[in-house]
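So, here come the structures, one by one.
Next come two complexes, and both contain chain A; in the first it sits with chain B, in the second with chain C.
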Partner chain A sequence: MRAVLAIIKGMIKDLVRRKDFYVLLVFLLVLMAVMASQNFFQIKGVTRYMRDLGYSIVMLLSFIIAVTFTAKQIPAEIEARTIYPLLAKPLTRYSFIAGKYLGGVVVSLMSFTVFYLVYGLFFVTGGEAWSAPLLAQGFFFGVLFLFMVCAMVIFLSNFMTFSANVTISFLIYIIVSGFSDTLRDSILRAKGVLSVIEGVIFYIMPHFDFFDMRVRLAHSWDPLPAWVVAAVAVYTLVYCLFLLYFSQAVFSRRKL
Partner chain B sequence: MRSRSLLIFLVWFFLILIIATRIDTFNYAFMASRSAADVPAIFRFFGEGRNIVSYMAILQADRYYHGGVGHIEHAEGGGLSVASRGRDSYDEEEGHHPEASPFNILFRIQDNTQVTGHVHLKGDKVKEIIPWLYFSAEIDPHNVLAITLTGFYLADKLDKPQEAVAYLRKGLLDNPDSWEINAELGRIYFQDLGNYKAAVDFLSKAMELQKQAPHDKFQERYVLSFLAHTYEALGDKEKAVPLYRRLSRLFPKDHRLRRKIDDLTS
Partner chain C sequence: MTTVAPKPDNMKISGGGGYRTRLTDPLHRPFYKKMAPILSIKDLHYTYGSGKESVNALRGIDLEIDKGEIFGFLGPNGAGKTTTIKIILGILAPRRGRVELGGKSPLEAASRKRVGYMPETADYYRFLTPAELLYMYGDICGVERSVLRERIPELFRLVDLEGLSGRLMRTFSKGMMQKVSFAQALVNDPEFLVLDEPTSGLDPVSRTHMRDTLNHLRERGKTVFFSSHELSEVETISDRIGILNRGEIAACGPVHELLGEKSEGQSLENYFLKMIGKH
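So, the complex of A and B:
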């Protein structure tokens, strides 16, 4: 446990030391300030486009931090040969994977929390009425989203270099966010073997679309019912456990 | 390593192919009132980018009008363009999927996390669509639909006819041959500002420009009816009657037009 905590601490130090987070934070602040200061034909209280774009940017920036920080962990340790002293401590391979995963999650959550606070500040001062439960659900779903992203990236790290992992992770994110609906409709219309193949793909792919609260937040829809929130949380937990189990299983058999 | 790079390139290329087709099919071709097949594949990759993004911004405005839930209108003419507003149409909401088994838990979660309600922004809330219409015209100053829609919402929904006129006049500088912008200016001068002389000028110009552009009888009705009403408001029956007669020829089953002609000529 102490070794796992040491890995997490190391990753947090890395986040603080590197400029990535600060650059993205300044970018977010400038963008939100520019959007908030726009004046369209002297009409007051236009906020939805800012809530909409702001949320998308917060999620994208958090995704960038999560992927870039987590993806480099395992390949970098192997390439720099620093993994040998780590595993000789003794640190089990399972703990190593768990440490890298939790480190990625903590780093991403720290960044996401700051980004979301900035977003929340503009959200509540924007003009239109706001709902605290909805804002809280948006944060909670963001947290779940990052748990899932980090698990996926750690899993892919076993097979890919840093750049390949980042590219594939972005591709998966784009495909799932944009085409999950299309795939679902295709499954319901397909018959026979095609329906089975598409069904398997639908169940295997990480459903990032479940965490998207953009429309709900921007257009002030009602918060999600408790059972839906619980179902998404359970889905995330099960999916992450599967990915981490397979990650450590692959990593345990790997020749270093 | 090289084979992996090739794989990544192929995946990217495949995605671009899918996305380009999707943009055209669902967002662009519909808004431009033309079939997807009209846009050559080469333009989807290398050209019309500004135009496509501009129309996507209009589509985003339409989503905002429906509380963030998109829908695709099937009415001929699009439903948003000048003269097609208010025509009978039906729409298909995003998020309405074919029926799935209630035991399919992922489908159920997806159904419940998505917003699928159908609402229309009312009153002051309509202002939320303005940024997207504004962006649309900023991205492509030749997007006449974006300019006329902005004018319509400013004048009719947000009670800002002066701003609408100023914006439409600015749009007219970039699109001097647009009958749509002239017609919209004429309509606002007639309906919202009561400046009948300016309305006649713009609507007459719109009528002349329309003759040189492809249009349907509904679009012709839009210009003619406002021009006829304006002449009527000015007390110029001699100019109003021929316009009502033209309208009656376009829509012979419209009894109100015949009654109007009878009233004016009796």
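So, the complex of A and C:
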């Protein structure tokens, strides 16, 4: 466990000392300030639109940090040849993968927390009704989302270079976020082999759409029932465990 | 700190066979060393790839390294030195044969607890300071924090990086990175130290300092296994050398014995070239 923590600490120092996070934070602050200024006349539709857009931006920026930070971990260790002194220490490959995954999660969550605080401030001062449980649910779903993104990226980094991993991860994010409903409808309409193929793709792909709280936050609907939250949490846990199991299985057989 | 009994003056080491250390007592009765070697390699094979494109990197290596000795591992490029080192460190699994490090398989993480490794080149995390790097590696090795607080400044003194331990490594030159690399290899006070081209990128003063440090480590009972292309350096500090050629051990033993066996006064360079078939 101490070895895993040591790897996580190293990744946190990397986040704090690089400019990426600060650039994204300034970008978010500017955007939020611009959006807040648009709501000067407290027009209801505009506030909802801003809440929707704000949440999307926070999730996207957190996704960028999670993907770019996690995707570079294993390829960068191999390229810089630092993986050799690391694995020559009493560190199992499983611990190495666990450290890199949890490091990615912690770094992403740190960034997400800061981004979400900015969003939360914008949300509660927007002039419309707001509910703390709903805001908390939005945060919790963001946390689950990042657990899943990091697991997917660590899994892909066993097979891909940094840039290929980032590209594929973004494509999956866009496809799942934008076309998940279309694919589901298509499965219902399809018949025979095509239906099976589409079904397999639909159930295998990471359902980032499960974590999408935009509409609920924008319209200040009631928070989701506890069983839905629990179901999404279990789905995330199982999906992450599968991805991590296969990641360490592939990595432990990898010739370095 | 562990100590080992001093080697008898009349020690003889066989050059062939299993490369076992053969000792003779004052009455010249042969006997074999009772102490188990720290590293034992038997019939080690390794192949890269499969089918027609496979490359036999190692073809049946036998080697034993005793505790407290400095072993120089030589060979031309592509001879299989790095593959051997990776197998010794548990980074690669042997295809055939057996490797034991302190009586355990190097694939077990516990066997590497008191092993230090300095790679030929490594571009250490540029967003960390050398001190942070050493703490990180120390934590991974399970070294107590109180021990690290004392040991790490000592290591920086040893590698002549005192005063730079708090600077980010993005500003470091290759030579400075090599020094950091050497320090990280020593952070867990290893019993067995594997050094891959340890003096590459170092200036002459630092090279001399490195040689002195290795001798000092030997005096403290540490075992050093190092690969190098600097034959004069190998000759100066090694108790024994092994020459690897095309995945096989071409020669192994103390330098003076190997050179003496062939012809009087020949240089290690000539001997090396002869052993790899280039002379």
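In the analysis below, the second predicted complex is superposed on the first by the 248 of 256 C-alpha atoms of A that agree within 3 Å, B and C clash if a C-alpha of one lies under 4 Å from a C-alpha of the other, contacts with A are read in each partner's own complex, and residues count from 1 in each chain.
We adopt the following convention: a contact is a pair of C-beta atoms (placed from the backbone, for glycine too) under 8 Å apart; a residue touches a chain by one contact, two chains touch by 3 or more.
Because the structure is predicted, anything quoted here is derived from the model rather than measured.
J.: Per the contact definition in the header, classify A:Ala218: touching chain B only (first), chain C only (second), both, or neither.
T.: first
J.: For A:Arg2, is the partner it touches chain B (first), chain C (second), both, or none of the two (neither)?
T.: second
J.: Please indicate which partner A:Thr82 is in contact with in the superposed arrangement: first for chain B, second for chain C, both, or neither.
T.: Second partner only, chain C.
J.: Contact-wise, after the overlay, does A:Leu91 reach chain B, chain C, both or neither (first, second, both, neither)?
T.: Once the two structures are laid over each other on A, A:Leu91 reaches chain C alone.
J.: Have a look at where A:Gly10 lands relative to chain B and chain C in the superposition and call it first, second, both or neither.
T.: second
J.: Would you sort A:Phe140 into first (chain B), second (chain C), both or neither based on which partner it touches?
T.: After superposing on A, A:Phe140 lies clear of both chain B and chain C.
J.: Of the two partners chain B and chain C, indicate the one touching more residues belonging to chain A.
T.: With both complexes superposed on chain A, more residues of chain A are touched by B.
J.: Which parts of chain A are in contact with chain B and also with chain C?
T.: none
J.: Which of the residues in chain A come into contact with chain C in the complex?
T.: Against chain C, chain A makes touches at 2-3, 5-7, 9-10, 13-14, 17-18, 79-82, 84-92, 95, 255-256.
J.: State the interface residues of chain B toward chain A in the complex, per the touch definition above.
T.: 4, 8, 11-12, 15, 18-19, 22, 64, 67-69, 94-95, 97-100, 105-110, 112-113, 115, 117, 124, 127-128, 130-132, 134, 154, 158, 160, 163, 167
J.: Using the touch rule from the top, collect the residues of chain A that touch chain B in their complex.
T.: 38, 40-43, 45-49, 52, 160, 164, 167-168, 171, 174-175, 178-181, 184-185, 188-189, 202-203, 207, 209-210, 212, 214-216, 218-219, 221, 224-225, 228, 231-232, 235
J.: List the residues on chain C that touch chain A in their complex, please.
T.: Those in contact with chain A are residues 48, 86, 89-92, 109-113, 115-119, 121-125, 127-128, 132, 135-137, 139-142, 168, 181, 184-185, 188, 194.
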